[in-house]
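Working notes, structure below.
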Amino acid sequence: MPTNSSSPKSPRTILPDPRQSPRFAGISTFCRYPRTADVDDAHRPIDWLLYGVPFDSGVTYRPGARFAPRAIRDASQYVKPYHMTHSVGVVEKLSIADAGDAPVQPYALKETLDSVAAWARQQSTSHGGSGTPSRLLAVGGDHSIAYANIKATHAAQSQPLALVHFDAHLDTVDKVWGESWGHASPFRRAIDETLIDPKAMVSIGVRGPLNTPTDLEFARDHGVTILTREEIATNTGRSALSKKIREIGTRPAYLTFDIDAIDPAFAPGTGTPSVGGLSSTEALELLRSLKGLDIAGADVVEVLPDRDPAGITALLAAHIVFEILALDAARR
Amino acid sequence: MPTNSSSPKSPRTILPDPRQSPRFAGISTFCRYPRTADVDDAHRPIDWLLYGVPFDSGVTYRPGARFAPRAIRDASQYVKPYHMTHSVGVVEKLSIADAGDAPVQPYALKETLDSVAAWARQQSTSHGGSGTPSRLLAVGGDHSIAYANIKATHAAQSQPLALVHFDAHLDTVDKVWGESWGHASPFRRAIDETLIDPKAMVSIGVRGPLNTPTDLEFARDHGVTILTREEIATNTGRSALSKKIREIGTRPAYLTFDIDAIDPAFAPGTGTPSVGGLSSTEALELLRSLKGLDIAGADVVEVLPDRDPAGITALLAAHIVFEILALDAARR
Amino acid sequence: MPTNSSSPKSPRTILPDPRQSPRFAGISTFCRYPRTADVDDAHRPIDWLLYGVPFDSGVTYRPGARFAPRAIRDASQYVKPYHMTHSVGVVEKLSIADAGDAPVQPYALKETLDSVAAWARQQSTSHGGSGTPSRLLAVGGDHSIAYANIKATHAAQSQPLALVHFDAHLDTVDKVWGESWGHASPFRRAIDETLIDPKAMVSIGVRGPLNTPTDLEFARDHGVTILTREEIATNTGRSALSKKIREIGTRPAYLTFDIDAIDPAFAPGTGTPSVGGLSSTEALELLRSLKGLDIAGADVVEVLPDRDPAGITALLAAHIVFEILALDAARR
Amino acid sequence: MPTNSSSPKSPRTILPDPRQSPRFAGISTFCRYPRTADVDDAHRPIDWLLYGVPFDSGVTYRPGARFAPRAIRDASQYVKPYHMTHSVGVVEKLSIADAGDAPVQPYALKETLDSVAAWARQQSTSHGGSGTPSRLLAVGGDHSIAYANIKATHAAQSQPLALVHFDAHLDTVDKVWGESWGHASPFRRAIDETLIDPKAMVSIGVRGPLNTPTDLEFARDHGVTILTREEIATNTGRSALSKKIREIGTRPAYLTFDIDAIDPAFAPGTGTPSVGGLSSTEALELLRSLKGLDIAGADVVEVLPDRDPAGITALLAAHIVFEILALDAARR
Amino acid sequence: MPTNSSSPKSPRTILPDPRQSPRFAGISTFCRYPRTADVDDAHRPIDWLLYGVPFDSGVTYRPGARFAPRAIRDASQYVKPYHMTHSVGVVEKLSIADAGDAPVQPYALKETLDSVAAWARQQSTSHGGSGTPSRLLAVGGDHSIAYANIKATHAAQSQPLALVHFDAHLDTVDKVWGESWGHASPFRRAIDETLIDPKAMVSIGVRGPLNTPTDLEFARDHGVTILTREEIATNTGRSALSKKIREIGTRPAYLTFDIDAIDPAFAPGTGTPSVGGLSSTEALELLRSLKGLDIAGADVVEVLPDRDPAGITALLAAHIVFEILALDAARR
Amino acid sequence: MPTNSSSPKSPRTILPDPRQSPRFAGISTFCRYPRTADVDDAHRPIDWLLYGVPFDSGVTYRPGARFAPRAIRDASQYVKPYHMTHSVGVVEKLSIADAGDAPVQPYALKETLDSVAAWARQQSTSHGGSGTPSRLLAVGGDHSIAYANIKATHAAQSQPLALVHFDAHLDTVDKVWGESWGHASPFRRAIDETLIDPKAMVSIGVRGPLNTPTDLEFARDHGVTILTREEIATNTGRSALSKKIREIGTRPAYLTFDIDAIDPAFAPGTGTPSVGGLSSTEALELLRSLKGLDIAGADVVEVLPDRDPAGITALLAAHIVFEILALDAARR
């Protein structure tokens, strides 16, 4: 059972007092952070905007991730603000808010991605400081929405983003059933549009049967570093990741986390689960090892509540959101 | 599959436009009604305040109803505003808002009931018109919280309330394990304090094994009309209810709905389910037959999400909330 | 929420005091009745022995009913002793005990049925009065076990038993896959051995697709009264049942209740669910209409906990056990 | 427990012998009917082709019905061939086969509807007799696919079809989010294209909150008979249905069954469940009352396996398929 | 599939013969150990008493652990008596019994803790030998009940107990919502009352977000050894634990195991799950590494059956109970 | 999200084109391999026949594995053909087909094993090449069916088979409840009949409480190599396995995989789960380390869908099937 002591003084983000409103009470926002409309001037500009993208029209297999923002908001109520490993109080360092859900249109894939990108960009500008728009953390939704948040994040940068990518799959397919914008293709499109630099992209946790060995070709041809699930379990793989992180250095990096990077035991609630994945402990260690990166934007995607009977997938996703914020808090 | 046409013009309550924000999107409030803080002056005073009471410290058997306000908010997103049977647009007639959750203290039963009552009374006064405080609809939580909302509702009245009570159980026990304020006792206490008039109280759906026949005595001795589940299925029982409704007439009435009035097939997610209950169709018919009553306050209680694997209990509870509001809209 | 007042004075069965041991506490026995070993002389002879038969080797489709005795014991903790409709205190009138589970051998169908019958007969004699063995209520297990309990019940009688049979299926098949003793055949065998009198047998709730119309022939040829689910919903069917009950009169009757008589909405946890069945309310009414019959033995079978995610099937089964006991208490 | 006797002799459809292959064994086809490729000449032409449409890109709320054909095939294994109420052996009268699943493209709504219609039409022609194409029963998928099967069915007819429509919703919306072909619109489109005759259309079970009263206007303006859930429960409503059935007479009729016509207790696994619906018993009675209609085509749609933890929704859907076939068998 | 050979000869604890009563049969006691009332003189004094504490009024988040004793009794039926790693037959060495559930009062936290302590102490004295009361293993219930069992265990000792503590949380909070006795505080109270010696206390598996860094202060200030989840995964952490175990030496030690020490993948059924926890393999290894400690008392707490859909949490808890008993058997 | 590119050219096995039939469409066969009846001459002889054995009459605890072939077929639809670690296209190298389910008789254990063996042998001969019968991979069902597939596999060999055995249990018990052919005994019988050579048998993952230490004696006395779960986690254990694999060399080996070798977190859906098992990652590594063995036959058993709420056990089993096939493809 967890401690429940009082909140810290004068933080950058004001949380509801659990002495007044227990963690099972109240209208759910991500980690109990305030809605953007409820942030006063003293806590502005807002450093991070969290928002949901209740959208799963990009899937090729099992749909339902449109209900993930709600499930993750509910599961995140027990996320407290102090990170023990990084020794940092996330709400001390960062002003964070829940911007609600982006506008979506289930029948319109590309149009939705564009409107999400535009809306997010606008939110980022409105709630950020002059010259420093709020950083954007999107909670999917299927992986297609990564394109939208990458686009909105990139808009605030002067160069292509580095990409740290957790996933069982590469998501660099050109088209599926003639569609270029589905959840198999976000990084193909982001590379096409030079929103990200494939040479500064690393994919962690790739595994499972492929259609053909050519599935890996596009990524390898463009210089993407692929650390399969087998490789990342070894010291060699960990070293390769460290090296990549050092190469990225202070360049703005985008972090995209597909929950299927993690084994179905820890994350059953996802649309294309892949056996033999990361444990939650491995995933947290890997995330913490990214300390020092300048996370310019991020997403957590592919949670499917209808296949998550004990709620452990949404709980894990909520903590991954927190780990990402903690990386930025620890860097500052 | 339901219609999704545009919302009505100039309603008393503004709903998000489903064309912009589909019903699976956004931070969940009850039936997508606005939070109190988001209601502008043009839509004030607020006629009905809905609020959650995430509290289950009053239970004698299976706990967990503290998670019901969240589950019912999520399940209510598909509740639309026009009531076909009453031919009334609920948001046309009524200004409704979600006031969030009342303050609770899991370790303090009576203190919580008092603080909920005080908070609700204060909300009611703040958001209501002069002389016409907002009506209060509490979403439990266990049935103990009915006392609190009755107390807050009664404060705006000059006489004891009539009580229309749906339940498998009478809830008029004096004490359980020495405790006077648990979920077996709310109406005992409300009668003790003359918040309600037992002669204007009717309990519908009572059934199941008792400890002893004396369990019914207090209610019968005080003139409560008990319509057992067997009786209410008959024309005689329906007539007795109609007669009672006519007797109550224009007197302010409080409606309390324990979801266990309904059969476990329709409402599995509750703490003390009782077999052989009302069907959902019967429950809706009974609620609609109350048309004409002046519902001064209400609650919907005892939903237990952890025993509701397909979410049908929360969905039904959300619609009961809507039926209650529609009764008031239809009366006006 | 239910009343929890004190237990009645000097009953024939001693229940644990819920003031000391709440209904969620303690090692589970059926309805909190004492184990046979715990019944003192003052409460002997024992009128009814309840026992489990954790056995499902008779099934033709989905197994798992071997776990039903445990699930029903757990679900029965909330069954209180006073029956409101019959106005009778079951523990006032009857000394009841839980005899534990009968010995079973999963790999040996007929041998198990014989050993269950012998064991039950021996229990009945040991715990009953001189000349009045305890009556036996078996909680299955699959329907094959009815044969065993009928055999043990019949041993105390001088004539074939009448049979009141609730079921979606007739269970009078001669053989399935060459096996004569499976759950499709108990009444075929009981008729073969003149343990029951087919002319005093009534099957209630029969429905669903058949292999061929000849499936009904054996029963009809032997004079079994079949009241299909469609018939029993009508006044004609109800009258036919009443007539049959009057014909049976004071003859010792055996009551067998296959939970699949009831619709899957109310009883999802069963091995061969059949849509369009009785509601729980209908089932309770039908059971209560049997008042006056001399129930010499009974069983409740075919509950399958692994398909009962909210526990409502086991709960219903527990109440059917109680209704059967109440029939006997009300008769005395 | 059900009977398991031998299959009838020389039927029009050959079923696997349950004595060799129990009902839990084998690759699942609908009701164990043969695949089209396995039907020999002696059993051709095929009267009814059953096929799946694993498609849910038409939904406006919860997706997942693409997995329904598989779930319904599995749940249908226990459906036997003789219908007790109609006294007809379905496989005696009809040659039936499972044609597999139609080709679908998740990202292309209208294109998929067209390709399903074309494929179904082609199947119907190939496997039917000269001048008498096979009748088509589509198992969805969401309700958008009704348009496709209606189109394929209509192609074999010389006049618009009559339509018997079970649903909680009217599905005559023009557009949702600009899309004309989603699951809210199939009958709007079918009326637009005069595939069905609205004056010969009856919608049964309509209920629940609407956006505005205008939601009903299109249907009423075009002469659709709407029998709400409240109306159909009354003798008046039943008479109105009978009258409508008589009016349709021998005109070819299409039957479309949205599982949400039924109450969530009986059919929790659906995307837009609506409380207060038909019971399974009522639904079977209504279906059986259609006896005499010439069912030229049909569909059963909107089953969502991920919200169906005990499998009762898929089981009910499988039996509705059987009831539809039995209507045609009984007519011949 | 497991071996099922005959039980060992002349053990200290008599188990039911699985040849007569399969492991799925019979009234469930912990691991099929006898009830205290069923232990004959030849098997007395009883070395270990297992008892349930069906109590969750100490929780700060999700309640329901009151149903854990029942779930763990059911899940423990497959626990056999011989421990392969320690090469010890637990029932050969130890007389063990199930004492049933302690008396609890849901509305009275401190009173219940006191009555549990008194009852357990009395049981321990009654069933133990002269001067050697039975050791007590409590199965919660929430973690608040650890205080009660520690108090009862301490009463048989002349010095404060050492404490080996598995948990994601420290549980040394002073008060939550003004309450001193909830599940966040048992070790704070036990230290206050010198029932345990904080310098001989080690907490294993601590992890997750905190409210503030001060959450750890009380424990650290009092000399508690904290081995976070990260630390215990390393050789350094393992060495620190070994060192602590050696320091404790022969001093009587109490072992408290909060199931949330383990990752939600392995133990989803708990009230405040914390991602990134121990695997079950790690937990078993850590428990086995305690060999040599004199375990004077123990508890296993915080199992929540309603969030344990496949029963794996209760199964794991049952095996942890067995591992604790095996530690004592292996030491003797 | 996974890649979905086109299938390879001229493979030995033809898969449905996912561009026409998405992976959620169509009648399910194992991994979308064709039914035997659908394999044309160009793809014959068939190298591997996969078949189901829907049989669980051999269990000693929880039944239900009879539904596993169906669940695994459904869960296998997402298994693609190229193995990244072995760099081999399984369908390039091997002609594979789904032979459907073997004939079973639930009431006849030994008879079913014999008829399965005879049927499988006959399938193997019919679909194989001259002198090279098809290899057989059986999908259980409970572990008793391993005997049948071993017998059928052995029939094509001139010597006893080596056996690589993944399991929490040894399954070498002589009899349980007098039965010699249950799921505790398949390898005892196979050794008795010299179908396998115990000196070339290795059991991996054995763990958990035993009845007595003698449970291990038969295996050890016959020279079986037992690598407990603890041992296999160490380098010593891995070396012992490598040595054993080298000893087996080119001798025909049978691989039997009881899913309970794996921890309940990864494989909750099984009949006798045992805590502290292999992770899925460990299991995949161990399987891949067998590369070079001549796998002459195999089975994957003991999956129990009713205890697998998120489907992750069936998914893992499907991938184990694929890993076995990949071992053979990689060897060629």
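When the chains are written out, they are named A, B, C, D, E and F in that same order, and each has its own residue count from 1.
To be clear about the criterion, a residue touches a chain if its C-beta (ideal position, glycine included) is under 8 Å from a C-beta of that chain, and two chains touch if they have at least 3 such contacts.
The structure presented is a predicted model; accordingly, all values stated were derived computationally and were not measured.
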Calculate how many whole Å lie between the centre of chain B and the centre of chain D, each centre taken as the average of the chain's C-alpha atoms. 38
Residue numbers in chain F touching 2 or more other chains? 22, 24, 59-60, 62, 66-67, 106, 176-177, 182, 263, 265-266, 279, 307, 309
Chain contact graph: line, ring, star, complete or other? other
Run through the chains and report each pair that touches. A-B, A-D, A-E, A-F, B-C, B-D, B-E, C-D, C-E, C-F, D-F, E-F
For the complex, give me every residue of chain F touching chain D. 20-22, 24-29, 35, 37-38, 52, 54, 66-67, 69-70, 73-74, 98, 100-101, 103-104, 106, 309
Taking the touch rule as given, give the residues of chain E at its contact with chain A in the complex, in rising order. 58-62, 142-143, 167-173, 176-177, 182-184, 207-216, 228-230, 233, 258, 260, 263-266, 268-269, 271-277, 279, 302, 307-309
Would you mind writing out the residues of chain C in touch with chain F in their complex? 56-57, 59-60, 62-64, 66-67, 105-109, 176-179, 182, 306-307
Partner chain E, residues of chain A touching it in the complex: 1-8, 18-19, 22-24, 78-85, 87, 89, 263, 265-266, 279-281, 283-285, 309-312, 315-316, 319, 322
